[in-house]
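Next up: some structures, all given as structure tokens.
In what comes next, chain A is part of two complexes: it sits with chain B in the first one and with chain C in the second one.
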Partner chain A sequence: MKTDTVISVKNLYKTFRIPHKKIDSMRKAFVNGFSRNTHEEFKALDDVSFEVKKGEFLGIIGRNGSGKSTLLKILAGVYSGDSGEININGRISPFLELGIGFNPELSGRDNVYMNATVLGLSKRDIDQRFDSIVDFSEIKRFIDQQVKNYSSGMKSRLAFSVAIHVNRDILLMDEVLAVGDISFEDKCYGVFKEFKKTGKTVILVTHAMDVVDEFCDRVLILDRSRIVNGGNPEQMVKQYSQMFHLVNS
Partner chain B sequence: MNSFIYHASQGYHENYRQLIWMLAKMDFKLRYQNSILGYVWAILKPLFMFCVLNFVFSSIFNKRYIVDDHYTLGLLVGLMLFNFFSESSNSGMRSLLNKSSLVLKIFIPRWTIIMASTVHSALIFLFNIFVIIAFLVWYRFLPSFTAVLIFMMFSMLIYLLVLSLSLITAPLFVKFRDVAMIWDVALSVLFYASPVFYPLQMLPEWIQRILLLNPVAFIVHFTKESMFNNHYAEFWQFVVFIASNAIFFLFSVWAYKKLIRNVAENL
Partner chain C sequence: MKQGITIYIHELIKRKDLMKYLVVSALKAQHKNSFLGFFWWLLDPLLQIFIYFFVVVIIFQRAKGPEYGIYLAIGLIVWRWLSSSITTAVRSISSQSSIITQVYLPKATFPICTVMSQMVNFGFGMVVIALCLIFFHVKPGMENLWLPFIIGVQFLFMLAISLAVAFASIFIRDIEMIMGHVLRLWFYGTPVIWYADMIPERAKWILSINPMACFLSGYRDVVIHNSPPDYVYLAGVACMSGIVIFLLLNIYHRYEHKIIRAL
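== the complex of A and B ==
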């Protein structure tokens, strides 16, 4: 692995076994022992290899069910792959979708503390950054209310705000900006630009092609669990929309 | 088939202690939210249980054994210890499933979630210790220093036992919900098989020996004995007991590593 490579994925395979009958009790497991074990194998990732360099903004696009989120989950260490090799060099933000671990019964304040602790900040760090986190999310008025009373936009603002204050080298983002309004979205793009300047590595899964076009240095297209192509954003977005037209017509 | 290699040069989290403490604290906050009496419930539940058992065995089934202050206090201490065991093993078992949003979306070592649940239960047990102290003051009974030490040591051993159990049952419960039913039955068997509301001495000696193989019975019996009869377990019994707890803990760590592998996929 070269020194400027922060993520290298080699020949990654992941298969989910989808049983026709869900076995969640021992009786079913026992009964099932006698009958034929019927399940489908679903290849979520099929021989996926790529590398990401330090400071790179990598976009991953693809249709629903093409394996994008599974790939991020494996990179974050939530799922384990069947085979292959992953090397990560740097502190990865274990941040996948927004609202991770937000507990609806707890207040916004408690959730910020809990979330930031889970993401690896110490109590003192959180105390220092708390005001900045709340300011960025623009929900100061509601911070002591229970999160279940928040709108989905408010929740994602708060979660995004926590995540960017954690200060990691590598960020994984899955459909981060889907629920924010335009002014907040602009703010997030500002953050992205800041990230680029500071040399952070970002892997972004999204369906928003304009974001891909504007921010990504390189784009991978995932289709049917394989990487079909990778290259500069403009071309990839073009190819991707062509794939769609083929399917739709 | 090639194996899967995941190598991260820098870990995710370096401060497990803070993480576990935060998770436990939030559990504590959540558990008694929206209830008027709040934390008082942590004490009231075993206290009610104690009142019922004490009434039944000192008023209805009286004369069967000599009922005195020691019986009442022994019942309280035994019940608190057993309650600690049953409540914490139950919530430990459910911890991973209850925290599925964390397990599925973020990587933190899963044992931290299980451990946080046991820490939370230990906090509640601390509350109950104050109840015990209040009763001791009320009955003007001062346990010997050795008895207090033994009580503390046994409390820690229950904690270790519960942690070991939870490391096995929590990932199992994700896959098989039957584990909860089995544990429910096992707990009620264990309750009657532990000398909580009866003295062990009233049973034939060979049954006593069998019952003492149950770690909860061992703890309850010798805590009561040391407090009220000035009678302690033999030294070799202590050694065997602690050693087997330690071995069980090592086994549970080994089992946990096997069971935890695909836990996110099964949730």
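== the complex of A and C ==
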């Protein structure tokens, strides 16, 4: 692995076994005891290899079910791959989805602490960043109210704000952009620019082609569990939309 | 290369702040919407004690007044810690599926947290016991210093059970249903509401294989009679629990990713 490579994935395979009947109780196990349990195999990732350099902004695009999220989850350590080699050089902030661990019964303040510790911050880290998190989310007035009284936009803003304050070298983002109105979106783009400036490595899974076009240095197209192509954003977005039209027509 | 289990324990320790917030938020969310709020922490055990007191003393007339009151209070409050820990531990991992399918966390975190948050409840239960003692004019003695030891052993014992049921219930959901009945049987087979010497001689073995019976008589010896608990037995339970916890953490470590798939 070269020194400026922070993530390298080689020949990664992942197959999910989807049982036709899920055996999760003793009765079913008993009834099924003698018949063989049939299952379908679904290849989620099929020989995937790529590298990400330090400070790179990598976009991954592809249709639903093409394996994007599975790939990110393996990088985040939620799933394990079946075979292949993954080397990660640096600390990953896995904000795959926003607001992980939010409890609607608790106040915004409590949820910030909860969510940030889930993402791996210590109490001291959060104490330091708390004001900045609240400022960014624009809900200072409501921070001590229960989150169940928040609008969905407020919830996502708070969650996004926590997520970007985790401050790790490598960030994994799975469709985290559709969270607010235009002014908040602008703010998020500002954060992206900041990430780029400070040399963070970002892997972004999204369907928003304009974001891909504007921010990504390089784009991978994932289709049917394989990497079909990779290269500069403009070409890739073009190829992707062509593929999409071919399938639709 | 470090050994798997040390890495796993290290991973758990690294998340001590997370554990703290899991415990605190579970406790905060518990009574958030009730009128009496946190007062329920005291009211809940008190009401339970009154009900059993009413049934045993007034209806069955099997025991008498103050002495039994304290006996019952200790029994029920210690038992509550066990039963509430286990019933919440059974679902502790699957109820957090929204978190653990998104972020890698050592799955043993969740059963550990349930035992800890129930320990806080137990702390409030101890306040209720203290109130009973003051009410019935029982003076605390030096032997009360054994309490942290007994609590510690019980903590280990319950941690072992909680880790086991939480893991097993992911793969066999029936365990959740079975546990309710197991706990009820265990409750009536343990001298919680009855005196240990009521049991016929030929059934005495039930008590000697039941660590809960030992914990209970330990608490009662220390608090009521001001005499030391059966510390040899307790130390034995502590060692056994320690070994079981170690083995279970090994199993958790090995099957971390299987858990996600089974959810």
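Everything that follows uses one rule, which is that the second predicted complex is superposed on the first by the 249 of 249 C-alpha atoms of A that agree within 3 Å, B and C clash if a C-alpha of one lies under 4 Å from a C-alpha of the other, contacts with A are read in each partner's own complex, and residues count from 1 in each chain.
FYI, a residue touches a chain if its C-beta (ideal position, glycine included) is under 8 Å from a C-beta of that chain, and two chains touch if they have at least 3 such contacts.
Please read these numbers as outputs of a predicted model, since none were measured by experiment.
Partners chain B and chain C, once the complexes are superposed on chain A, run into each other and clash. When the shared chain is aligned, chain B comes close enough to touch A:Asn11, but chain C does not. When the shared chain is aligned, no partner comes close enough to touch A:Met243: not chain B, not chain C. In the superposition on chain A, A:Ile86 makes contact with chain B only, not with chain C. In the superposition on chain A, contact is made by A:Asn103 with both chain B and chain C.
Considering which of chain B and chain C touches more of chain A, the answer is B.
When the shared chain is aligned, no partner comes close enough to touch A:Ala208: not chain B, not chain C. In the superposed model, A:Ala76 lies in contact with both chain B and chain C.
The residues of chain A shared by its contacts with chain B and with chain C are 16, 24-27, 29, 73, 76-80, 94, 96-97, 100-101, 103, 105-106, 110, 113-114, 117-119, 122-123.
Those residues of chain A lying in contact with chain C across their complex are 16, 24-27, 29, 73, 76-80, 94, 96-97, 100-101, 103, 105-106, 110, 113-114, 117-119, 121-123, 146.
Put simply, chain C touches chain A in their complex at residues 15, 17-18, 20-22, 24-25, 28-29, 32-33, 96, 98-105, 171-174, 257, 260-262.
Remark: chain A residues 11, 16, 24-27, 29, 73, 76-92, 94-97, 100-103, 105-106, 110, 113-114, 117-120, 122-123 touch chain B in the complex.
Across the complex, chain A is touched by residues 1-10, 12-15, 18-19, 22-23, 26, 29-30, 33-34, 99, 101-108, 175-178, 261-262, 264-265 of chain B.
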